[in-house]
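Okay, so chain A shows up in both of these, paired with chain B first and chain C after.
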Partner chain A sequence: MTDLLQLLFAGLSQGAVYALIAIGFVAIFTVSGVINLAQGEFAALAGLVAISAAGGGMLLPAAAVLAVSTVAIVAVVMERLVIFPVRGMTTLVSLILTLGVSTGLKALMLLIYGPDAKGLEPLFPGAFDLAGVSIRYQELLILAVAGVVALAVYWFYEKTLAGKSLRACAEQPVAARLVGISLSRASLLSFLIAGCVGAIGGVLASPIYFTGWESGLTLGLKGFVAATLGGLVSVRGAVLGGLLLGVLENLTAGYISTGLRDAVAFFLLIVVLVARPSGIFGRHAEARV
Partner chain B sequence: MARRRLLLTGPSRRSRRGDVVGIALLAVLLVVFPLVATPSVINVGVYALIYGLAALGLSLLMGLAGQVSLGQAGFFAIGAYTQGVLVTRYDFGGLAASVIAVAVTMTAALLVGLPLLRLRGHYLALATLGFGVIVAVLASESDFLGATSGIYGIAKPEMNNRLYNSSTEYFLLLVPVVLIGLLLARNVVESRIGRALGAVNDSEVAAESLGVDTFRLRVQVFVLSAAYASVAGTAFAHWLGVVNPNASNFPLSVKFLLMAVLGGVGTVYGAVVGAFAVEGLDDGLRRLIPELVPGAVGEVQLIGFGILLTAIMIFLPGGLHQLWTTVRRRLAARAGPGDGPSGAEAKAPPDEGPLLAREGRPAPGTPLLEVRGLTKRFGGVTAVDGFDLTVDAGEIVALIGPNGAGKTTAFNMISGPVVPTAGTVTMAGTRVEGRKPHVFARAGATRTFQNLQIFTTATVLGNVMVGRHLRSTSGLLGAALVLPARREERAVEASARELLELLGLGADADRLAVDLPFGRQRLVEIARALALEPDLLLLDEPMAGLSGAERRDLARLLRRLRAGGMAIVLVEHDVEAVLALADRVAVLEDGVRIALGTPDEVRHDPAVVAAYLGVEPEDADAVAVADSGPAGLP
Partner chain C sequence: MSLEVRGLHAGYGRLPVLHGIDLDAADGELVAVIGANGAGKTTLLRALSGLLTATAGTVRLGDADVTGLGPERLARAGLAHVPENRLVFPSLSVDDNLVLGGYTRRRGPAAERSRARDRALALFPRLEPRMRQAAGTLSGGEQQMLAIARGLMAQPRVLVLDEPSVGLAPRLVGEIFSALGRLRDGGLTLVVVEQNARAAFAVADRAYVMDRGRVVLEGEPATLMSDPRVTAGFLGGGFAAEVPAPGPAAPRPSAPGDGGRR
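Our next item is the complex of A and B:
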């Protein structure tokens, strides 16, 4: 029983990281139909920037802010240089383009930070026991920050004019343009959001899960699976998908085999796509011709 | 920026001879290469040939199926591992082992492809990415596969007492394999399958309406592309002597993708050219970057891959192939102006005899299409409400009604692209509602489109040849091996040309269909539909955009088709033309069928007059009486 609780808790905090990355996928996909394969690299880059800044003596909160702003700038520059100039973006083109950026970012991280994975020192080190379950402060921090960020993103989309205009672009791009919403600005904004949430996820995860130049690959893949579980178009679905994936991964690692942890995401993806392409939390099918 | 196209496949250019020359030239270059290059360069060349095969498969997948795999290395690894296990553990001969290795890989691809290829492209991309990761994870977890150290001791191949152990020998051993791979790939691209998939990339709905089973063909191409990766994997295993989980490394998948994209997606030789360029770049960067960035270790060449991949997609989406064709076209333009295409309006002969009558067509008067209670709701709006219609063989039925009456929606439900909320559609005994358009086509019916769905990368002839898809049979294997398929190709081309003559499009046969004026593009769509020799033809506003003379020609053509036993349903705004042509007319208003009858009955129906003139039915009686005759309708 304690084992189960321990695994569930670890799964939730890891799932919260996936959820943040998944929100990034959703933010960009809904506006421009682009699946950003560099989303995982946003998280990895943030982790490495924070580690290097903290290693240079910067205070942890300052290092975190620096990491998030760096990635936000990278995301915005990527949108302007790589996504914006391309007209007639097809799925194929967008995948190859973002894969190019992702590969470039990976290599850049390798050149700057070296090949070894490192962990950021936690803001509040240590752990405490609750009903036999060992809980690290960092895990609580992950859950708290991810919760606040997810709520903020949700509030932004539902309540603010800018958020509503992003949703309008997603649902009716032509009509959105007719009422004066700039698709170009919407696309830029969506990359900014994706960069920020991805970076926050990366910084939060680093003390526990470590960060290396290649971390973005699996982080991105799992974020995508989480977003797909939620139907790829819903922030709420992405959060639930992330938490579910995290829990399932930890249960698999705990009860079956640690080595299979990374296989869970893939099998979950296949199963969901076969059974319910609209996502298990999605409401309407994505049957378009 | 010019219109972006990744795809240069499809029947757009009849370049068979050019291809053969190209491949022959490549063959000469490949044979000369090991004679002039230094051993270390030949070593790079060996990897280029191995990886080029995998990239070629990926290029076919992207060019034909319009989908991308980010896990090509996963299939590469399955091929390599299977080969390694069979050769080192079970004493298989290299050739026998590679046949099994390819079969195993193709089965794996089938299992991955089946659930995913129905979905939009990004799912296949991400799932294959995950697949590659899984293959690496499972391999390193499996003791049977040697865990992280992998399988080693795979011997160099030996044939006729000759051991292929130097890079030159191995290179020369691979050259014929790569050339055969190129030839097979080229045959597939040029085949009926390649043509159909090229059409799908231009307009999926139109290709499916002509009977192309998109999903099935995509699965086939996906499996074929995995087979290429697998062959590459077996060659890799023997060359390196070791297979470890790194064979399924994600950067390797990226490398395959870069090779395909750099060479020009969908061009067969492009992948091999791209492979040499990328391998050269890889080798150069691995030497250069540690000099520039002290202490740089690991896969530093990726920086170049990433930048190159992005830059190509932005500046040169057709890859080196695009560069090459642009240069050639510039040179050709300087050499002199090309012969201007003839836009002459060739007149169809004023023949009135029956057309396209054929054996086995249902006898005139037998019910062909039965539509019962067809309903479509979009949210709260009911676009079509309980629509009933029976169409018999050998009659022309017109569907008219004001804008927004639901005519096209009804058409789309009958022919497949739109799934009805309720109701049934039976075509020649087959229930087709909610099925894909190719099911409707297989039942003997096809359609044209109101907003044209021309295959833009194909010539007029190529468009019509896609219409022969169901009237020809050669599959992927036959196409790859070319011999049996060749005669059928000639027959398909001949019948397509015949049809073009019939519609007065003969002079335009070899022009790109999109270069034709709007009205003639409509005729191309009709010719394409007729190529199917359907029993039932649905025409969505066939008269729109045609001149008066063209309309008269088209009406005459439709009468002749009717005389040949074909049933025709047309949606049309030109009410006069419709009333003169149709045997029966159905009128839709706000999704409801308000009238059905002969043109005369409909002309005098008060509800119809009201719908068209916007008056209440009571007043419409007066209008109909006062203003009987053809001029009564707009």
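Our next item is the complex of A and C:
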């Protein structure tokens, strides 16, 4: 029983990181049909920037802000340089282009930060016991921050004019243009959102899961699977998908074999794509974001 | 505000569709454009609102030359386009659809936006009890009303509409066209594209007949109505006989975007 609770808790906090990365996939895909394979690199880069800034003596919160801002700029520049100039973007073309960016970012991280994976020192080190379950403060922090960010994103899409304009682009791009919404601005904004949430995920994860130049591959894949579980068009689905993936991975690692941990994502992906391509939490196909 | 179109050519890629359209709508005039399926009516409206770039010709809004402007700029310049198939934002509430209709006015005074909204709802009171409902769950007639109301939220000077009667029961068609008549009486300039010539002619001040990308006839609706070339339906569609079938309007999901990238 304690084992189960321990695994569930670890799964939820890990899943919260996947959820943030998944939100990034959804934010971009709904607006422009682009699947951003550099989403995982956003997270890895943020982790590395935070680690190196903290290593240079910067206060942790300041290092986190620096990391998120850096990645936000990278995401926006990427959109203007690689996505925006392409006329008639299709999802397939977007895969090729963003794979290129992802590879470029990896190379850059390797050059700047070297080959070794490192961990950020946690903001609140240590752990405490609750009913036999050992809970790290950092895991609580991940859950709390991810929860706040997910709620903020949800609020943005539901309540603000800018958020509603992004949903309008996602649902009816032609009508969105006719009411005066610029698809180009919408695409830029979606990358900004994806950069920020991905970076927050990366900074939160780095004290526990370590970050290296290659970390983006796994993080990106997990985030993508989480987003796909939610149908790739829903923030709510992405969050639920991330949590589910995190929990299932930890249960598999705990009860079956640690070696199977990373296989869970692919297994889930195949099952969902075959059985329910619109995602397992999808209400109806039209409701986006 | 007047609309003046001169020698407009437009098409899709290499395929030319419009071959030199001349069209005028005077300030406060309701102009109908009729023609069979495939005549180029939708293409004309897309070129007017900037969804398509004209390859030749000019479009003037009042005193301003707006040729070549994109839809965002044209919306701000005072032209609203109510597209074919309504294209409401399905998962957003009726209210949010209206809010987005006023997107170009977002930096203007809130009182002005709320007046525009009151006017739109006064024109289509059926929308009022449905404000919180997702637009995709409205009936076809209600979606058309919403699409028009959304267009009006931009406080346009010229409103162009693409086949507002399609798929609607005759009673609803009458309701919508009488609303368009009231907008004209309030001073708005309107261009209505229709296959349903009878409904359009009932309120239009003037009408154009299009065929294969050209204007082939122009005149008063009463004159055109008795023109043998219109009544005989030589334009391929036999549209003079096209009165919508009776029966309740079936709720229809909104169609996917036309001309979007997905």
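One rule holds in what follows: the second predicted complex is superposed on the first by the 284 of 289 C-alpha atoms of A that agree within 3 Å, B and C clash if a C-alpha of one lies under 4 Å from a C-alpha of the other, contacts with A are read in each partner's own complex, and residues count from 1 in each chain.
Here, a residue touches a chain if its C-beta (ideal position, glycine included) is under 8 Å from a C-beta of that chain, and two chains touch if they have at least 3 such contacts.
All values derive from a computational prediction rather than experimental measurement.
Q: Applying the touch criterion given at the start, work out whether A:V179 contacts chain B, chain C, both or neither, answering first, second, both or neither.
A: second
Q: Given the touch rule stated above, what does A:T218 touch, chain B (first), chain C (second), both, or neither?
A: first
Q: Using the touch definition from the top, say if A:A168 reaches chain B (first), chain C (second), both or neither.
A: second
Q: Who does A:G100 touch here: chain B (first), chain C (second), both, or neither?
A: first
Q: When the two structures are overlaid on chain A, which partner does A:L269 contact: first (chain B), second (chain C), both, or neither?
A: first
Q: Quick check for you: in the superposed arrangement, does A:G88 touch first (chain B), second (chain C), both or neither?
A: In the superposition, A:G88 touches chain B and chain C alike.
Q: Which partner does A:L110 contact after superposing on A: first (chain B), second (chain C), both, neither?
A: First partner only.
Q: Return first, second, both or neither, reflecting whether A:L60 touches chain B, chain C, both chains, or no partner chain.
A: After superposing on A, A:L60 lies clear of both chain B and chain C.
Q: After the superposition on A, what does A:I35 contact: first (chain B), second (chain C), both or neither?
A: First partner only.
Q: Chain B or chain C: which reaches more residues on chain A?
A: B
Q: Both chain B and chain C touch chain A; at which residues?
A: After superposing on chain A, chain A residues 88, 90, 286-289 contact both chain B and chain C.
Q: Which residues of chain A touch chain C in their complex?
A: Listed in rising order, the residues of chain A that touch chain C are 32-33, 88-90, 161, 164-165, 167-168, 171-182, 286-289.
Q: Taking the complex as given, what residues does chain A use to touch chain B?
A: 35, 37, 82, 85-88, 90-93, 95-97, 99-108, 110-111, 114-115, 213, 217-218, 221, 224-225, 228, 257, 259-260, 262-263, 265-266, 269-270, 273-274, 277, 286-289
Q: Given the complex with chain A, which residues does chain C contribute to the contact?
A: It is residues 49, 51, 70-72, 75-76, 80-81, 83, 87-92, 96, 99-101, 103-104, 106, 136, 150-151, 153-154, 253-254, 257-262 of chain C that touch chain A.
Q: Quick one: in the complex, what on chain B touches chain A?
A: So the residues of chain B in touch with chain A come to 1, 3-4, 6, 62, 66-68, 70, 112, 115-116, 119-123, 125-127, 129-131, 133-134, 137-138, 140-141, 204-205, 250-251, 254, 257, 261, 289, 293, 295-311, 313-314, 317, 417-419.
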